[in-house]
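Take a look at the structures listed below.
One chain, chain A, appears in both complexes that follow, with chain B as partner in the first and chain C in the second.
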Partner chain A sequence: MENTLSTTTDKVFLYDVIGAQFDTIGSKALAVKKMLNDYFPKNDYLRRLGVCVFEAEANLAIHTIHGGSIEVMIFSDRVRITAKDDGPGMKDMKKALTPGFSTAPESARQLGFGGGVGLNNIKRFADYFYIESSKKGTTLIFEVWNDDDPTTH
Partner chain B sequence: MKIDKICEITAAEIIQPIGRKDVDIRYAFAADLMSDTLFIIMRDDEPLLLITGVTNTSVVRTAIILDIPAIMIVRGKQVPEQTIELAKENEILVLRSSNIMFVTCGLLYQAGLEGSPWKIR
Partner chain C sequence: MTIQQLIEQLPLQLLTTQLNVNGSFHDVYTSDLLSAALAKVTEDHVWVTVQVHQNILGVASIKQAAAIILSENLMPDKDLVSKAQEKGIVILLSPYTSFETSGMLYNMLKEEKNGNK
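So, the complex of A and B:
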């Protein structure tokens, strides 16, 4: 298996995340996990994916102005997630990837989020991780590979 | 450790009883930061109790994502109806103890519940 970003799949699902709405954080991640159970009925794999999507969703809900989207692409051996928003972007990428660094408002922290570990959690569990950010928005792409498939890794 | 035993040890009540009441809990994890809770993902499928002071719906969603069958709310906090409803829909048991988190953890650890194993992948 080449580690390139293939686009040959017709199994693409799109989820919208509303910005500055903290009390529904995790609802899209749950929907994604339930949907993926039909394709990859394996607890450990779905937990890894679910956690990554949960963190991406929390970032969109907490740090964006207008929210964003989560695109789920399903391949035979992996799932690719693309989380996109239109701003305001990360001022300092290096800091944003430092565990414990957070710009989340107190209202998000009171709900148990914004501890500055989200992106690192995704990096830790994903097999592919890419992020770019500017004032115009942030694009986060990650893949979680199904370890059952001997052609991965 | 059975749910009834956990309640007895921590003087807890079951405030959402729909779920796996016969589950045999082996591990526990305590946190008020849900992202920290998401750190325990690499555990095996052994049943785990999540101990927290967070009462909003995100705690239930975290439990569902991690296949956690039961949540223990500490400090006797009131739990919003939406949280109970979401837990009921997804068959996540919700317990409540008036003890603080430290005491709750201490009592359960002393009684033999193990801390959740986790590792950095």
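So, the complex of A and C:
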């Protein structure tokens, strides 16, 4: 399977995530999973996607000023998710990708978030992972391919 | 082991009384960190936690967990229980700590495995 980002599709869905609202985290991930069931009715595949979208949603809700958006692009053999926000961005990308490191506030940690493994969960369950961040915001792109499970490799 | 057997043997209190408890599980995962549960729980797992807020339903729903056990008799609010029933997620209440609950479950599953040999 080619790993390119040039493919086009007309199946694009957009979900907004509200910032600093923790009690609804997971609702967009569930909505995405439910929507994708029409295209990829495979439990394992949908669970992998669900985990990745949940983590992206949690990051938008916990770490942004104004929340952000989750764009879902559906291709015949894969789903591409783009999570975007407008800040404040990650100060140290290397640290942010280190398991166990988190800048989540105490209010989020008390709910079981902020373990510092969210991005690593996405890396583990996705087949393609890209992230860029500045003070103006963070863009996270990942794809989950509908072939086999990378966690079993 | 079925959820019904689990409820009878520990014993546990079934909070989602409208849900079917004929489902089965063969493993247990214990964590209060949602990302850890997201990574490890499967449809074959019962998840033990002390978290009693709405987000646990999202995790259990995404991973299709067989049931959630809330330890130390930590009673969730009615809203969580009714949402769990809507989503079809079995919620059980344990009077024991997560450690004790997990230990008992470990022994029960081990016994079942040995009995089947």
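Here is the rule we use: the second predicted complex is superposed on the first by the 145 of 153 C-alpha atoms of A that agree within 3 Å, B and C clash if a C-alpha of one lies under 4 Å from a C-alpha of the other, contacts with A are read in each partner's own complex, and residues count from 1 in each chain.
By our rule, contacts are C-beta pairs under 8 Å (C-beta built on N, C-alpha and C of every residue); 3 or more make two chains touch, one makes a residue touch a chain.
Bear in mind that the values here come from a model prediction, so they are computed numbers and not experimental data.
Taken together in the superposed arrangement on chain A, chain B and chain C clash. Within the superposed three-chain model, A:G68 lies out of touch with both chain B and chain C [touch as defined at top].
Once the two complexes are overlaid on the shared chain, A:L111 sits against chain B and chain C alike. In the superposed model, A:R124 makes contact with both chain B and chain C. When the two complexes are superposed on chain A, the residues of chain A that touch both chain B and chain C are 22-27, 29-30, 33, 43, 47, 50-51, 54-55, 58, 111-113, 115, 117-118, 121, 124-125. Those residues of chain A that touch chain C in the shared complex are 22-27, 29-30, 33, 43, 47, 50-51, 54-55, 58, 111-113, 115, 117-118, 121, 124-125. Of all residues in chain B, those touching chain A in their complex are 32-39, 41-42, 45, 52, 54, 56-59, 61-62, 64-67, 120-121.
Across the complex, chain C meets chain A through its residues 32-36, 38-39, 42-43, 49, 51, 53-59, 61-64. Taken together, the chain A residues at the contact with chain B in this complex read 22-27, 29-30, 33, 43-44, 47-48, 50-51, 54-55, 58, 111-113, 115, 117-118, 121, 124-125.
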